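Letters A, B and C mark the chains in the order given here, with residues in each chain numbered from 1 onward.
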Amino acid sequence: MVFEQIINGLTLGSTYSLIALGYTMVYGILELINFAHSEIYMIGAFIGLIMVSVYKLPFIVALLLSMAASCLLGIIIEKIAYKPLRRANRIASLISAIGVSIFLQNAVLMSAGPQARAFPANFNVTNLRLGNLQISSLQLIILLVSVVLMVGLHLLIQKTRLGQAMRATAQDKETAQLMGIKIDQVVSFTFAIGSALGGAAGVLVGIYFNSADPMMGFFPGLKGFVAAVLGGIGSVPGAMLGGLFLGLIEMLGAVYISRYKDAIAFAVLIFILLLKPTGLLSRRIQEKV
Amino acid sequence: MRKQSKFLILFLAVVLVVGLLSGCGKKEETKGPDISRGEEETGGKTTKEEVKEEIKIGTIGPLTGDVASYGISTKKGVEVAVDEFNQKGGINGKPVRLISEDTRGEQTETANAASKLVERDKVTAIVGGVISSETMTAGPITNDAKVVMISSSSTAVGVPEIGDYVFRNCLSDEVQAVQLAEFAVEELGLKKFAVMFTNNDYGLSLKDAFEKRAKELAEVTGIETYNDGEKDFRTQLTKLKGKNPDALYIAGYYTEAAKIAQQAKEQGLDVAILGADGFYSPILVELGGDAVEGSVFTAGFFTDDPAENAQKFVKAFKSKFNEEPDMFAAQAYDAAMILLTAIENAGGVGGEAHQKEMLKIKDYPGITGSTSFTPIGDVVKDIIILKVENGKFTKLR
Amino acid sequence: MSYYSQILTVIIINSILAVSLNLVSGYTGQLSLGHATFMGLGAYAATLFALKLQSPFLVSIILGAAVAAFFGFVIGVPTLRLKGDYLAIATLGFGEITKNILLNLKITGGPMGLRGIPKVTNVYVAAAALVLVIFSLNRIINSRVGKSFIAIREDELAAESMGINTTRFKILAFVIGAFYAGLAGGLYAFLFRYINPKDFGFMRSIEILCMVVLGGMGNTYGAVFGAAIITILPEFLRSVSPVVAQYRMVLYGLLLVVMMIVKPQGIISESSLSNKKREKSLEKGGL
């Protein structure tokens, strides 16, 4: 039974990681908390749903299309709502992000209606047994996809020139620009990738719980953000770790005191922040005088 | 100079505020905002004279936000009732006009919506709130204004007690839960109950009543909770599974109940699923699939009810909205019908006369059951028990 | 109570909330995403004093505010050691924890909330409270304490090296802000006669933050103005036309974005934004 619980926690946690990556990458470059990310996740889920139920496309295709669409959405949002505020104070961008979030959530609510819709997995879901242990093929697929995406991201950031440009920009925007890196492009790309991951998370979660609704982004978004901070905001491996960690804590909390499980998750977060004020894996340079 | 500019700004702000407010007022009278359905018998203009020529009723509920589906269903149910009244000529010849306000499920909005309906639109009566906390907020306001308000879905303790002018026609949580517990033990022979309840007033009242009665008659093996909107119940279910229950009582709404049933089955907790009126919805089976087959729950309504008035309602609803009505819509329809009937009996007015007529309602043949009111405005009603068989709902009792 | 006076009362209560957050975030520069928590704690405390101990209105709300201030201290001490966005997250975390606890305790009524609160708050009561709050706030801001707050906002390291005990002052700002927020919460409870944990959650905190930012951070009257705008906007949109009413929230989101792009400093802004200075120093090359 413990094994099952751990799998539950890890599966959910891996989706938090995907969401957290979106937040952390954007923050690393712009120091902006992209509140609209939770809506990109939700829209990703809806697009995936449409691909699967209306166009009857296979899962992988639907996933990729949804990621592409989220990617595009992220870029558009950045250009319209964040770019004009890049020189302004950070709170203004924060409020703008909140505005985008409210706008998107309600736009989808108005057009799709508030009903939760069934999001069927169009592949066979079976339970795999190993002795006493049980894991659903759905959970396995989610874990697999998440891992593939995260590994892909890691390779992108560490081994490609684009990744190098992203890292440089995150470290010191001004210098990077002086070195010839086109900041605007890098920013757009960061949003593109982060949003694609968010959209993927939306599809995965949609299938996992067999449902999509316009409000589905709020709590996972919040938790994804918490996971990003937990791991050290701005740190990619930190976001991955933070998500898994949060999923496990939530599961543990639910096992022991299910009524307070949200409180427990946050309490652990605060506790960790107090011990390590910049998150578990952060490597941000401290302020110098 | 600084102090002066500060005061100037404050002054401007106040002027702006007052200006906007009074500006709103003027717009109100010329445009007559409302989201009423298409019937344009009178054109819905709101000049002072024509106001007396129509009967206005309002709805208060969440039309946007995370509980919007309940608010929207409620509004639709009321619309069908209003249509029906207007088709037979309105009340004493005056057409009925519906004004719907959105609360977003939020307290300040609810209070504003209630005040607006009562004071600016001067409605005769109101159907609302949808969730109990709305009724608790709007109730004192409408009660003070002596406008009858009937809620078709606020099942929490304390609602009718708000005041003489607050009524409800929805099944009380306690009665539902107790009756289902009795049915489960006596008719279905179940002995060990696990409970999952949604952590809000609805779930809590159901769980408390069910637990108490089930413990008297049999055994409760475990109780777990969850929140609306959550999707993952595996942790709680794994815990409940450990105690080997033979039934699972889910005190919550269909969206989550469907998932809980599915995940329970996945985990091998393949037991009888029991529930309350929150289960009823045309999409329960769609969301829950095989897992909800065979589940038994208390309800006030179902679309396959052969009764004539129920079928008439379903038909009207389907032709207007192109979808099947759910529990909220059905209850709202009954609430509106009762409300309007009482207005008619009172001679077309609201206020005290209306309130008295409401209390006189006895055994009203509603589609959700024969309805009467207690002196404080609570409901007295039958309870139906439904079962999901072959993807359809059948009546067990 | 009439529709207009109800809206006006809410504007006034929101103003108290906005100026209290402004003290913490605008003047002292500590971003708090959990301010509504103190409003909630004040509301619940005031309500419980009134319902269980039959204490009169004035006593109840002041005690409520004191309870909120106490929690401001309890939460502030560990949290204010964090900086920037980490502080923000911690405040958010505490907000969710508090809401969760309020939802589960029997004495707070759990998800049913508390009802049957007598109706005492009206426009005059609220206005009186606002005047007192602004008056005392101005005194604080113009004193040495206030100047220390601003110093912390501008450059915390420099303030520290000038001998200002930044942690102590940050906590002080937090506690004062919590007191006023708790006061607003008490007024709120005695206005709507029913309170519920959902009304004091993250969305409310964000709403208060929007009021402060829209009006102009670091400016008390700006905060009042922001409170007025944010309170009136949904009601205004509601009454324009039924079509607009349905799309209210969509427009609201759009308006927030537009307002920020057009006037990122907020509509009435007087504060010397530390970020502006940071931009300038960055241009010169280096921190």
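Please note the rule applied: a residue touches a chain if its C-beta (ideal position, glycine included) is under 8 Å from a C-beta of that chain, and two chains touch if they have at least 3 such contacts.
In this text, all values refer to a predicted model and were calculated from it rather than measured experimentally.
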By C-beta contact count, B-C versus A-B, the higher one is B-C
Distance-maximising chain from chain A - centres being C-alpha averages: B
Per the C-alpha centroid definition, the whole-Å distance linking chain A and chain C comes out as 29
How big is the gap, in whole Å, between where the Cα atoms of chain A centre and where those of chain B centre? 35
Would you mind pulling out the distance in Å between where the CA atoms of chain B average out and where those of chain C do? 33
Residues of chain B engaged with two or more neighbouring chains: 64-65, 199
What parts of chain A, by residue number, touch at least two of the other chains? 106, 109-110, 259, 262
Quick check on chain C: which residues sit in contact with 2+ other chains? 104, 246, 249
Could you please specify the touching residues of chain A with respect to chain C in the complex? 27, 31, 33, 80-81, 84-85, 87-96, 98-107, 109-110, 174, 222, 225-226, 229, 233, 259-260, 262-263, 266-267, 269-270, 273-274, 277-279, 287-289
Note: in the complex, chain C contacts chain B through residues 1-4, 6-8, 10-11, 103-104, 110-113, 115-116, 119, 192-196, 198-199, 220-222, 224-225, 228, 231-232, 234-236, 238-242, 245-246, 248-249, 268
Applying the document's contact rule, which stretches of chain B touch chain C when the two form their complex? 6, 9-10, 13, 16-17, 20-21, 24, 27-28, 31, 33-35, 63-65, 101-102, 104-109, 111-112, 115-116, 118-120, 132-133, 136-137, 140-141, 144, 156-158, 162, 199-201, 203-204
Would you pull the chain B residues touching chain A in the complex into a rising list? 64-69, 72, 199, 224-227, 229-232, 234-236, 238-239, 242, 255, 259, 262, 266-268, 283, 286-287
Sort out for me which residues of chain A touch chain B in the complex. 1, 4-5, 8, 12, 106, 109-110, 113-116, 118, 127, 134, 136, 205, 208-211, 213, 215-216, 218-219, 251, 254-255, 258-259, 262
